[in-house]
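Each chain carries a letter (A, B, C and D) given by its place in the written order, and its residues are counted from 1.
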Amino acid sequence: MSDNYEPNIVAFLCNWCSYAGADLAGTSRVQYPANIQVIRVMCSGRVNPLYVMNALQQGADGVLVSGCHPGDCHYMEGNFYARRRLGMLKDLMEFVGVDPKRFHMSWVSASEGHKWKEVVEKTVEDAREAGPFEGFRRRQIDW
Amino acid sequence: MDLEQLRKTAAEVVARDDVKYLIGWKKGSYGYRVAPVFVEDAAGVAELIFSPLCTANLTTYLTLVEKTPLPRGQEADKRKVALMVKGCDSRAVVQLLVEKGIHREEVIVIGCPCPGVVDQSLLVEKYGDTEEPVEVKWNGDGFMLVRGGEEIKIPRDEVLAEKCRLCRYPNPVISDHLIGAEVEKWSPAEDSGVSELDAKDVDGRWEYWEEQFNKCIRCYSCRNVCPLCYCQDCILDRLNPTWINRAVNFSENTAFNISRAFHLAGRCIECGECERVCPANIPLGKINRKMAREVREKYGFEPGLDPEAEPFQASFKPDDPEDFIL
Amino acid sequence: MTEKPKIGVYVCHCGINISATVDVETVADYALKLPNVEVARTYSYMCSDPGQSLIKNDIREHGLNRVIVASCSPRMHEPTFRKAIKEAGINPYYLEMANIREQCSWVHHDIDEGTAKSKKLVAASVAKVRLLEALESKEVDAEPSALVIGAGIAGIQAALDIADAGFKVYLVEKTPSVGGRMAQLDKTFPTLDCSACILTPKMVDCASHPNIELLSYSEVEEIGGYIGNFDIKVRKKARYVDFDKCTGCGDCAAECRVKDRFPSEFDMGMGKRSAVYLPFPQAVPAKYTIDPESCLYLTKGKCGKGPKCAEVCQAGAINFDQVDETVEFRVGAVIVATGFDPFDASRKPEYGYSDYPNVITGMEMERLVSASGPTGGKIKIFNGKEEIEPKEVAFIKCVGSRDESVGNEYCSRVCCMYVAKQAHLLRDKLPDANIRVYYMDVRAFGKGFEEFYDRVRRENVRYIRGNPSEIFKRGDKLVVKVEDTLTATPLEDEVDLVVLGVGLEPRADMRQTMELLRLSQSPDRFFLEAHPKLRPVDTATDGVFLAGCCQGPKDIPDTVAQAKGAASSAMIPLARGKVVISAQVATVDESTCRGCGFCVNICPYTAIELVTVNRFGHEVEVARVNEALCKGCGSCSPGCLSDSIQPKSFRDRQILPQIAALGVFK
Amino acid sequence: MSAMLLNKEKWPEFVKKLTGKNLWAPKLDGEAMRFAPVAEGEEVSLDYGNTRVPPKGATFPQTETMYRFLVGNMEIEEPKMDEELVLLGVRPCDARAMKIIEKLFRWDYDDPYYLKRRELVTLVGLACTEPGLNCFCSSVGGAPDSSEGLDLLIYDLGDRFLLEAVTVKGETLIAETKELLTDSDASAVKAKDKLMADAGAKIRRTVDHDGIPEGLPGLWEDPLWKSVSASCIGCGTCTYLCPTCHCFDIQDEVEGFEGRRCRMWDSCMFEEYTLHTSGHNTRPTRRERTRNRINHKYNYFVDKFDVIACVGCGRCINLCPVNIDIVEILRRVKEAL
């Protein structure tokens, strides 16, 4: 691992809570690491767990999925589905030997700009500890 | 095993007008091999067997039959399919009912209580392969190998398939005709295969699976043999979008195997077919059983038991575990 | 066959909001090298008229068919740019926004980092926009009626406005009477209007209005559907009094065997009522209700030889066989006006509210000072020996507000003024009493507030800056322990009566309402509005609006103003008679669907059903989406193992390339 | 061509000499043998039946990059292909298979990828002494000591190896290892002949294909196809493990805006193999696909190239999960003629 290694994080945020929370962090000028790039989806329930695998395969060193707190889902139940699906995926990936530090899930509400910062910092820090995930890269092999 | 009762029941079933055929097992073309057989008339029932070599889960054939376009005016064949199942196989039938892959009225389940089947590769390893057809029978607590007039007693643990050591449902959970008496359940062994991997650290597990997935030749036999992989158009074959590239390399093989296991989480009924058919000997059962264990222990759910159950992947509980959430 | 994508990328400076941390020119140069990008430009404010014109001109001149705006959050300006490109003739859904302000320039310091990240976000947008699809929104009829939940002043005002405009209104109130908290108040600040005098006519109006169906003593049980077509189920609780027969004479209450035995909710427990009761004399509807929890007959099954009330009711209105009744109807819009709960003073045990009868809350003071209250407006307290007129009175402000220890960081906005008002009213009634107010700050920000505050101070009400730490008893006096922070003097102030200026809290039952309507809470736990500045009465759910204190503490004029705002917003779909159904809904590829019904199970809107179709001679079941019910959340999609159900604009084939773009470019 | 003897004591040295050349040999990978690179000093044992996956990947990789490109850019970049490869321990059936499929890759068009790899590879064969349970090479034109397709063939004579050069490449190898070898003698040849006669006698399964290539078209609609395919699960095991199966698919893999065009093994047993964009499938069920597999090997290929595209290695029989047995199918075809 080189000293100037910067982990590449892909994050999936629900439109109503977490994306709004990240926007709030912006309007509040909260500073956090630039390693994170956000893909907006309407609901955390939209996040196919295989996106996580796909992101790791395609160059991400860490993945974050964030949605509304339980009970606050704009679509009532989407985050509950996300929780079950991604919980399963996390177990599966850990069993296959993917460092659990590479994948996090969080609940960040529209009013939690500061929590968003904390979540990003934790995700980046953990991915940094886990190091580059080159072994699983799609193009690493006979590309 | 009451072969006479099996053949008699089978003959009655296939004689019905509303039955298309009966899917069972017959002796294979050589050695220990057993092959699936599709019996359409009473003459065919003589081929049927049920022995410790009948490992294949025939449930997969319920959804494997292609629905090719019918000429205009021609009616689809709506006759029932009769099917021989062991305990594990029967859970696949139930799970298919849950997922509407089949409807109850389309199938006649012939349940075969199962004292456990043998792992053919162990048999070959210990007793050698042969081109002559041989017989293996249940014998008291173990098995009996009959080869060229010679009878060899085999202790149960020596060749019992791993999935059977862990089995919790030796008797069919659903059946229309039960052949013979239910067998007494045994206490399932500790799943050491999974526990040993669990005990490793993540890097150790990654190393383990790296070696395994590198062997994968992507023949898709694991998927095709699985009674619950019955999508018309598997996402792993799809090009738009491409979830997994066709390229055969460690990255894509791993992605393929993760996806397959994920799609089976909360659905896999642990019949072990994927692992049995894998020409690369990848221990796929470990992944599936690991997920089944998580689903059972963390979510209190077991698939393939209740035809009225809500599908695990399409439901949630408000108090599902969330200790992993930041 | 889709045409080849021709993409225009527009990178916004946003003044220096973006350009200070992102080298926008570099980002544009980079974008120009990406596949299918024909034009890439920067501009100071893309959202301005000239900015939008720039895009429109390029669309016409260069034949662009896809547009990327790299600027602020799509939650801010996506509608703006959709509209702009639509005006220039391309489908509004051929737009993708890269959020390089809220999620980039504002949160990162380093210009290199900001620029690099912006490039990636633009690349991901290019990856996605190439694969977007043209969508058309559809219109469906809207039911020209509204539901208003809660009949306090907010609900009453909203209902009246909508009804006056000619639309049907269902006004649902949980308690037996309309009026809410305002009906309990004596006078209103700063004008000292009699609260009942200004409210009662409105209460009467809303009961008699031909367009208002008042459902008092009722609760909303279920809300389904969507803007324009909400399906409502309301449970009308059994009053055990025939609504049509009751004349409101009150004989029943007078003869009740448990007459005046129960604390009156209206009088904050200071007065008593019977088991059959009218909450207050001016109650609307003026119909009696039997409280099933206090009625002997209903709790014990027996009331003397027979219920007295039934005996004396000449109209024969008492009916113990009555059961709850469910009414169902459809409305086009919903206004939530469920109000607030006063802070429960027992949660500040140091003030001894639970221990000392002469520590009372502001709401109790309202009833005490009211001519129609339990004491007829006389200020009498019992000091343990005798009933006296208090000589020493202390008010304490900010009880349960601006107080992290009870979880309420917010200011309740009304306490400063109601305390001033009550001090004034007490001064009127007790000219010789010593009245002081302990305060942290005085916030007299409204129209006429400062003047009123000045007037009260001139009336010999002492304002002492200090937040009391404790109230305890010494003999028959209460001692307020406090430090006068202006003089840094510790005081132990002996008084007869303490009035706690309690704040406003979200209602205890608000979670029920949240779940009914899929609303969210802001950090203060009140309902979250769609935008704090620009959409203060809207919610995240289309067609659902907020009025009054359920959204946050406010005084009566603000409540009325918001109610009127909510009413006029709610009337938009009603007046138009049509609502636009989102184009971003889920769609099923029936050729690959295996009919397992997972999506049907998952959909919280029952928008998906299984239908039998003929596939080349075979009857197979497949999923089908009702587009009017679908909200486009996409939760169904990951549950679909064959990937057959996909939310438009957020399809897997649109998201996966985004993931690839973010991963590959480092 | 020359024949030389190698004393078994010198085998490690012989292997060591070859490791200078990007040497691959069968190694135990989990439970099965697989061709894998041999590091310098690593031992190579010739005591094995056959590899589970045939070595056809040496000339026809399961995944092969044809060229790389950038999306929206017309320039392509071709992969570099210049590394020589020596496969040590190839069974005669597998080498024969390479020669058979080469006919296709040289047919109407010279396939540059295949032919280049063929040119770069040297095949060192190992004659079979213990044929497997389901071997039937001698029924389909092969033999335990067939040298077709090989450059050099090794016989295990117990205490020594007999090396027979088959091609110039084989001669070169012999020349390069000359100092380890001694000239062959009559006793060695005699021992070899005896060994091979014994090996041939040990082959237990046979196929009588007489009349099959000509007869198959007449059996097009025969019910036997439905019967033999009913239990097929449609996986690619038989074809992927077949040394003569050579079907491939060409796909573009794009990640971000970079892509590559590659070809990879495909299998006629897969449903989407013949699936048209329209949704029409010319081989809609497993019946047609199974029929095609047999026809392709025993009819079309014979018709076109005058050789059966099956070398009797028995892999498809050994590993079919549902015991579909090509010998059995051919027996039934023969019966039906």
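One rule holds for everything that comes next: a contact is a pair of C-beta atoms (placed from the backbone, for glycine too) under 8 Å apart; a residue touches a chain by one contact, two chains touch by 3 or more.
None of these values were measured; they are calculated from a predicted model.
*Asks:* So, comparing each chain's Cα centre against the centre of all protein Cα atoms, which one is closest?
*Replies:* Minimum centroid-to-centroid distance belongs to A.
*Asks:* More C-beta contacts across B-D or across C-D?
*Replies:* Per the contact counts, B-D leads.
*Asks:* Compared with subunit C, which chain's mean CA position is the farthest off?
*Replies:* D
*Asks:* Let me have the rounded angstrom distance from the C-alpha centre of subunit B over to the C-alpha centre of subunit D, please.
*Replies:* 31
*Asks:* What whole-number Å value describes the gap between the mean CA coordinates of subunit C and subunit D?
*Replies:* The separation of the two C-alpha centroids amounts to 73 Å.
*Asks:* Rounded to a whole Å, what is the gap between the Cα centroids of subunit A and subunit D?
*Replies:* 46
*Asks:* Distance between subunit A and subunit B based on Cα centroids, please, to the nearest Å.
*Replies:* Comparing mean C-alpha positions, subunit B is 36 Å from subunit A.
*Asks:* Would you mind listing the residues of subunit A that make contact with two or more other chains?
*Replies:* Answer for subunit A, listing residues that touch two or more other chains: 49-50, 54, 58, 77, 81, 85, 138, 142.
*Asks:* Mind pulling the subunit C residues that touch 2 or more other chains?
*Replies:* Touching at least two other chains: 591, 602, 639, 652, 656-657, 660, 663-664.
*Asks:* Please list all residues of subunit B that touch 2 or more other chains.
*Replies:* Touching at least two other chains: 68-69, 242-243, 245, 247, 249, 313, 315.
*Asks:* Mapping chain-to-chain touches, which pattern fits: line, ring, star, complete or other?
*Replies:* Looks like everything touches everything, fully connected.
*Asks:* Note which residues of subunit C are touching subunit D in the complex, please.
*Replies:* Touch list, subunit C to subunit D: 34-36, 123, 127, 591, 657, 660-661, 663-665.
*Asks:* Quick check on the complex: what are the subunit D residues that touch subunit C?
*Replies:* 70-73, 254-258, 279
*Asks:* Which of the residues in subunit A end up touching subunit C in this complex?
*Replies:* Contact set of subunit A toward subunit C: 8, 10, 15-17, 19-20, 22-23, 25-27, 29-34, 37-43, 45-51, 54-55, 58-60, 68, 71-78, 81-82, 85, 109-112, 117.
*Asks:* Show me the residue ranges of subunit D that touch subunit A in the complex, using the header's touch definition.
*Replies:* Residue positions touching the partner: 63, 65, 68, 255-256, 258, 260.
*Asks:* What residues of subunit A sit close enough to touch subunit B in their complex?
*Replies:* 49-50, 53-54, 57, 70, 77, 80-81, 83-85, 87-100, 104-107, 119, 122-123, 135-138, 140-142
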